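One chain, subunit A, appears in both complexes that follow, with subunit B as partner in the first and subunit C in the second.
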Partner chain A sequence: MSHAQSHLSRRAFLKGAAVTGAGLVLPNWGGLAYARAAAEAAAKAKKRCILLWMNGGASQIDTFDMKPGRTTGGPFRPIQSKVTGLQVCEYLPKVGAIADKLAVIRSMKTQSPDHPDGIYHMHTCYKMNERTPHPELGAVIAKYNGNPDADLPSFVRTGSTGNGGAGYLGPKYEPFGIDRTGRLPYFSTPYLKDEDEKKRADLFRTVEDEFGVDHKAEPFESHRTAKERAWRLLRAKGVFDISKDWPKAKDRYGDTEFGRSCFMAKKLVEAGIPFVEVGQENYDSHGDNFVVHKACMQVLDPAWSALLTDLADSGQLDNTLVIWMGEVGRTPQINNRAGRDHFISAWTVVLSGGGVKGGVVYGASDADGKTVKDNPVSEGDLFATIYNALGINHRAKHYWGVRPIWLTPEGAKPIKELL
Partner chain B sequence: MPDLTKPASAWNLVWDADWVTAVAWLGASRRVAAGNNLGEIVIWELPDKPGGAAPKPVAQLDAHTNVISRLACTPDGKTLISSSYDHTIRYWDIPATFPEATVPLVLNARAIEDATRRKANGARVPPALETKVCVLKPARTLTQHKEWVISMELSRDGKALITGDDAGRVLIWDASAGTVSKEWKVPKGWVYAVGLSPDKKQACVTERYTLVFDSGRHAAVKLWDASAGTVSRDLSNEKEFKGHHIISASYSPDGKTLALLRGGESGGNSGKPTLVDPATGKVLRECAPGHLDGGTDLASHPDGKHIASTGRDTTARIWDTATGKLVSEVNKPRGGQFKDWFSCAAWSADGAWIACGDQAGAVQVWSFPV
Partner chain C sequence: MTRSLSLAAALLAFAAARADDPLRATIDREVAAKWKAEGVAPANRATDAEFLRRVHLDLVGAPPTHDETVKFLADTDTKKRDKLVEKLIADPRFAKAQAEVWDLVLFGRHPNNYTETHKRPAFKEWLAKQIEANDGFDKLVKNLLLAEQPGSQVFYVQFRNAPDDANVAVSRIFLGTQLQCAKCHDHPYDVWTQKDFYGMSGFYVRLTVQEFGNQNNRTFNIGEKNSGEVLFAGNAKELKPGQKGDPVKPKFLGGAELKEPPTPKDYKEPPAPKDGKPMPKPTFSRKEKLAEWVTAAENPYFAKATVNRVWAQFMGRGIVHPIDDFQKENEPSHPALLKALTDGFVNNKFDLKLLIREIVNSDAYQLSAAGPGREALPKHFERARVRPLSAEEIIASLRTVTATGPNPNEGWDYFLRAFGEPANGLGEFQGSLSEHLFLNNSEHLRAFVRRKKGNLTDQVLTSTEPWEARVERMYLSVLNRSPKPKEVEAFVSYIKREPKPDAAVEDAIWVLLNSSEFRFNH
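Up next is the complex of A and B:
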């Protein structure tokens, strides 16, 4: 699965990216000027979003919709969170302690049960088998809430988790990928010394200017633009360097790749990047679900709680929506591999910040967690809620050729109780 | 001595409340205790000879609230010790004669529930297997662990207990006093299996951290000086163990052989017992073929020459430790891509019986001709 997703990511990335003469590849860069002030202004005006993507699909019964005493319950025990009526898994104590910041949706009822289709569907809110290439969440937020004058990318993804692609929004909104150790792509490192790179750039500009006098075609301009963006990246990429701050933060976030990525996500949205996706692997626990989830939650709990706490402490949480979700939930039934399989009939997504009401549980599953009992939420409903929280019209119209397309499917409604 | 080449099924003790996770014989008696995923423990009194209707439980031990990970009994059969995911270790006084059975227990409740749910599709609801049991309460509860107590072993003389948990803590106890005599924490991950040498000088502790894809995954096998709490030999990089989660460790009665079993969802028949010289840490031999999709438990035979292993392939295998060769196999894998596990095994004191806990909700008992 992970290899296929990695391949999909690379393919989607390369399809939409400009390749420069020096081999630099730059998707979704903003304008040409490195304008911190502009980024800050945009950050003030528009909301940002961090997506914590639980790759493989986390188990709702083992996290936020526990069923103690039922045959589906499993060995984890609930603990009382900060919010009356909301119990969480004993291995999410730090998240439970800040549950007043969480909106827990316990009634996700979705349509795509497997990984590729689920990843696409839960990134785009449209089914994978449609012919229209819909843009994923990050691309939409990059378009609507990104700053076109910023040097920084408007959509950053860490890790190798799957994606939906920028779709009809075009390559400008493809994600800028960072590997899960925090390493930037190879193309972001110059292979010349600074002074030599500058001389090379000046020579390039001179040649390009002379060439441009007689060659006005768009491809030549695109090439020159991509090249200029690459140079801007070399100047702006210090934003991605968290090495000085991380030693002070790692005890709170957990000294893990996911913890480090969450800390970087906080720094990136504070720098004005409107959308950052952080993936956590390992949730696809068809076998040994409980030890796998226990290990995953011990990584998740400090990272997620520290992220929300830091955003709140810096006054950024109101303007930053943090989403916790994956492509599917997991079955209430425990299979004979001590695992839980994919499940889409009644599962859980958690929102926080960005103006979403905290301390709320929306919807409910039945006693064994097998069906939605109250307030089913579709992919479209969830995305409509997310877009509304971020100040984006969920029915914004786009065109694919001559065909009109909306950001969310017909009938999708935001959950007003959370907004 | 029993002929271990000729296993014969004695009884299938149905108790399908949930998966059976631990099993133990009570001293030299024909009493068998089993625990399950719900934290329930029941005891059967078996006839001296196999055959006839399957016996029903006579006692239920009521206190644990989560998975029973291990059961062990003192050699005199008077004290049963249980470890659990509820973070506790409990001692149970086992009377020579059980009190009057007054509490009803349905042994096939899950089968009835499943069939009832599928009745509309033509499923036939089986008649209830009913019995009555007495209920025992624990004599003592040890609460020093603050995480799932995954592993526990009682020394053969019943005097020392070793336990390990998912916080990485290893505790060695004076079993009769219930006090901790030594404690340490493994440097990384969780404790998975523990074993204590018969002279109580050496402990084998395996470690795990169960992430699948990223660098947080961890596996280790180490021999510890049990009195000093220091590592005496690290076997983690031996090719038989490197990167593998070792689910069970068992010393032979003479302490000259240590058996280790690979667990988890390992590919193919790789759930092999591996035999190690505990004095040198040298791998002596592997027992093949291993269990399909991983092993679950090991039990050293009282004769010191054989071990039994159980696995996710619904089999128990009996091995000659001198040669590593398979002596016999009890049960056959059931159908389907993934089988119901045998999750645990225990030999009777005379070595003529073996009891295996079954994921489907039963304790299967085999006898061997003497």
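Up next is the complex of A and C:
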């Protein structure tokens, strides 16, 4: 919103308040009805994103890039998915049945082979060892596709799977973290009763109005706006409580923390939140890879498929990009503990919705899955694809001090075939 | 001919007269000249109350107490502002507060090698001691770069095995220049080439960090080897895998190559001593040469980068802005002022206290923050800047204004999380959800407004004065000014409509602590 606009809306609001008279508590700053409606409409047209984060790194060979009959193939059997030419693991039957919604990228070739650096790299598309604090994609999407006047935060994460935060975009875009049981972050519960909170808020507004008469500098306004957002969040936070609807959904999503979080993510994007990250733990199977992956997939399969189905049924899938990825893939070689280690030479990420073409396999690994055979995709390419799908310019320029920085590194190209 | 001669004579006389002026007069003359040239109207002079709070926060990192406020506002001495500045510079908190400022400049909130560097009380103590002694800022920086005094060594620990990072940080902070672009390619808009970059990195490449003691009592020695060179291979984009490059000689930025005795051909670096002893000093120390060169009065960058940074600390913007980007495309807004401050600083033996005293005694510093302008950092210094209080200042302010002493359960880590990094990459303030959830709902903030024997809430509730006077006490305590009649009315009616005042007083003080007037220094 330009300054002129916000000034206008403030004046218009004050006029409006005079009519409604004393006693009615309305947000004073940036909250004028028509301005908000306009911003909401603009934000509605923008796409949202749900990131399903496979923490530790899921095995591509045991999910979407199976190598039956090869020494690297492992014990899982492939099953035919809904898409010709795409076989998936036997423990992903429900996802396989809606594979026409998936774009499977089998040619991820990335640079950061470990957890902290891989987690950072696959959340920001930049290397962690640079001194520049790059924002996670959640913060970028919050900035570009979020509604600044919304009641709800724009970057929500369940679990704790990212490590970059908002970086140079600033504290306004930091993640709002919900733990995996659905509990809101610290300090989300007022110690005052509702009516006392409102009275106190009104006195605050009186003080700010008085000071604001001759103090117009932006930081003052930013302070007030953030205060109002915190209050609006408390009034709107019911949306995070899914206990009423969950019993009806849990059979489809699976009665797990991850299933519940996926269901919540669906509710949150429907409520207008542009980015929700849902983490699933335990993929880091250096030992007993197959036991671990079987267990993980049995949680993943119902949750992911129900999420995509629900979004499609409610007409939201075209507006909502769902990403399935982790920080690394896993080695084709099976180690002497029946495990697979970290692998970045040829691994898999899956996109769906948000206008990305479904039923597509992009890129390929070689017969044993050891290298990329066709169409390597870097972190930057993947992020450029994601940002383009969401209507965000992947070369948007920002600054860290005097240093110019772009949302994706130089040379990153969106995958045209998927868009 | 005659005419131009007399003009030259007049100009000389003019310049001579200026050389004797105190810096504050030069500041005001130059700043006013720019207003005139730009057609900018300055804000009014700050009220005593505005000045009082501002200068307290800027100099000692905390606002004045209620009693100090009352006393200063009632004082009729026309020299009371100057006297206050003297008093605050002599205050033991002055060096501590300035040390906090510089510590954050030198480390930021996320220094590398975080485990070893994120808590550094010994460093801050060392820094405060140097600032207190005021033995020349050049000596302070020299000691910092030598890293030999106890407590000072941790500065280099953040750059362990990362000579390029040390180079970038020192060049940015003390030379006011952005070298990092020249690491991978010649600088796109400045004059620096990759050779300049690697030439400067050569001064740090032989440093090693030795760590002693345990987790709870760590000390460091910054050792320096006799061998080791920076390798340079060309533009990063054109590098082939495995390509190592050729050794580069250390070279002073924009100056000569370092003259040093050659390392004997068959020289082998002895292993680092394992008995907890520091490494022996090298036969030739690049670090010493660097420290001397950076802080020399003739160094073309150091003094002006420093005065520009100190200026910005108090005035918001640098005269060159951003403050660490001196280059020909980024001209100073007030070149004559920058020169006068730089010369004044050098001629006064890099006296930091003097520089600060001159700035805060200027009329330009003492302008009001009120006015229609929206910029946090007014371009022509026509109005006081608005800057968020640091997390450290917030805690100190809460303790002072509510008359609550420090307590171990204050929740510093939460304060740091809520207030530690309030800006985006451009340094613009952003109010955040986490800050306000913390302010609104945390027991940590509430602890400052809950009634406790002797604290502000208790004082107000215990008092038998009329509510008008008690509201005045709240305002004088928290915002260091008297309330306007409208504010008195709003607060009195807020408190009086409750049958018992306890909760309402707590609320009222909470509101003042949450106000934007309190959140910023302005």
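Structure notes:
Keep in mind that, in the parts below, the second predicted complex is superposed on the first by the 345 of 419 C-alpha atoms of A that agree within 3 Å, B and C clash if a C-alpha of one lies under 4 Å from a C-alpha of the other, contacts with A are read in each partner's own complex, and residues count from 1 in each chain.
Keep this in mind: a residue touches a chain if its C-beta (ideal position, glycine included) is under 8 Å from a C-beta of that chain, and two chains touch if they have at least 3 such contacts.
Predicted, not measured: the structure shown is a model, and the values here were computed from it.
Of the two partner chains placed around the shared chain by superposition, subunit C is the only one that A:H215 touches, whereas subunit B remains out of contact. In the superposed model, A:K267 makes contact with neither subunit B nor subunit C.
In the superposition on chain A, A:P153 makes contact with subunit C only, not with subunit B.
When the two complexes are overlaid on their common chain A, residue A:N335 makes contact with subunit B while staying clear of subunit C. In the overlay built on the shared chain, the residue A:H115 is in contact with neither subunit B nor subunit C.
Of the two partner chains placed around the shared chain by superposition, subunit B is the only one that A:V299 touches, whereas subunit C remains out of contact.
Of the two partner chains placed by superposition, only subunit C is touched by A:V402; subunit B is not. In the superposed model, C is the one of subunit B and subunit C that contacts more residues of subunit A.
Look at A:P75: by the touch rule set out above, it reaches subunit B but stays clear of subunit C. Taken together, the two complexes place no residue of subunit A in contact with both subunit B and subunit C. In the complex of the two chains, the subunit C residues touching subunit A come out as 110, 112, 165, 168, 178, 180-181, 322, 324-325, 369-376, 386-388, 414, 421-443, 446, 484, 486-487, 490-491, 494, 503, 507-508, 510-512, 514-517, 519-520, 522.
On the subunit B side of its complex with subunit A, the touching residues are 18, 37, 65-67, 85, 110, 148, 166, 208-216, 264-265, 293, 312, 336, 338-341, 359.
Put simply, subunit A touches subunit C in their complex at residues 3, 131, 133, 153, 167-172, 174, 176, 185-191, 196, 199-200, 203-204, 206-208, 210-211, 214-220, 222-227, 229-231, 233-234, 398-403, 405. Across the interface of their complex, subunit B is touched by residues 2, 71, 75, 77, 180, 256-257, 281-282, 287-288, 291-292, 294-296, 299, 335-337 of subunit A.
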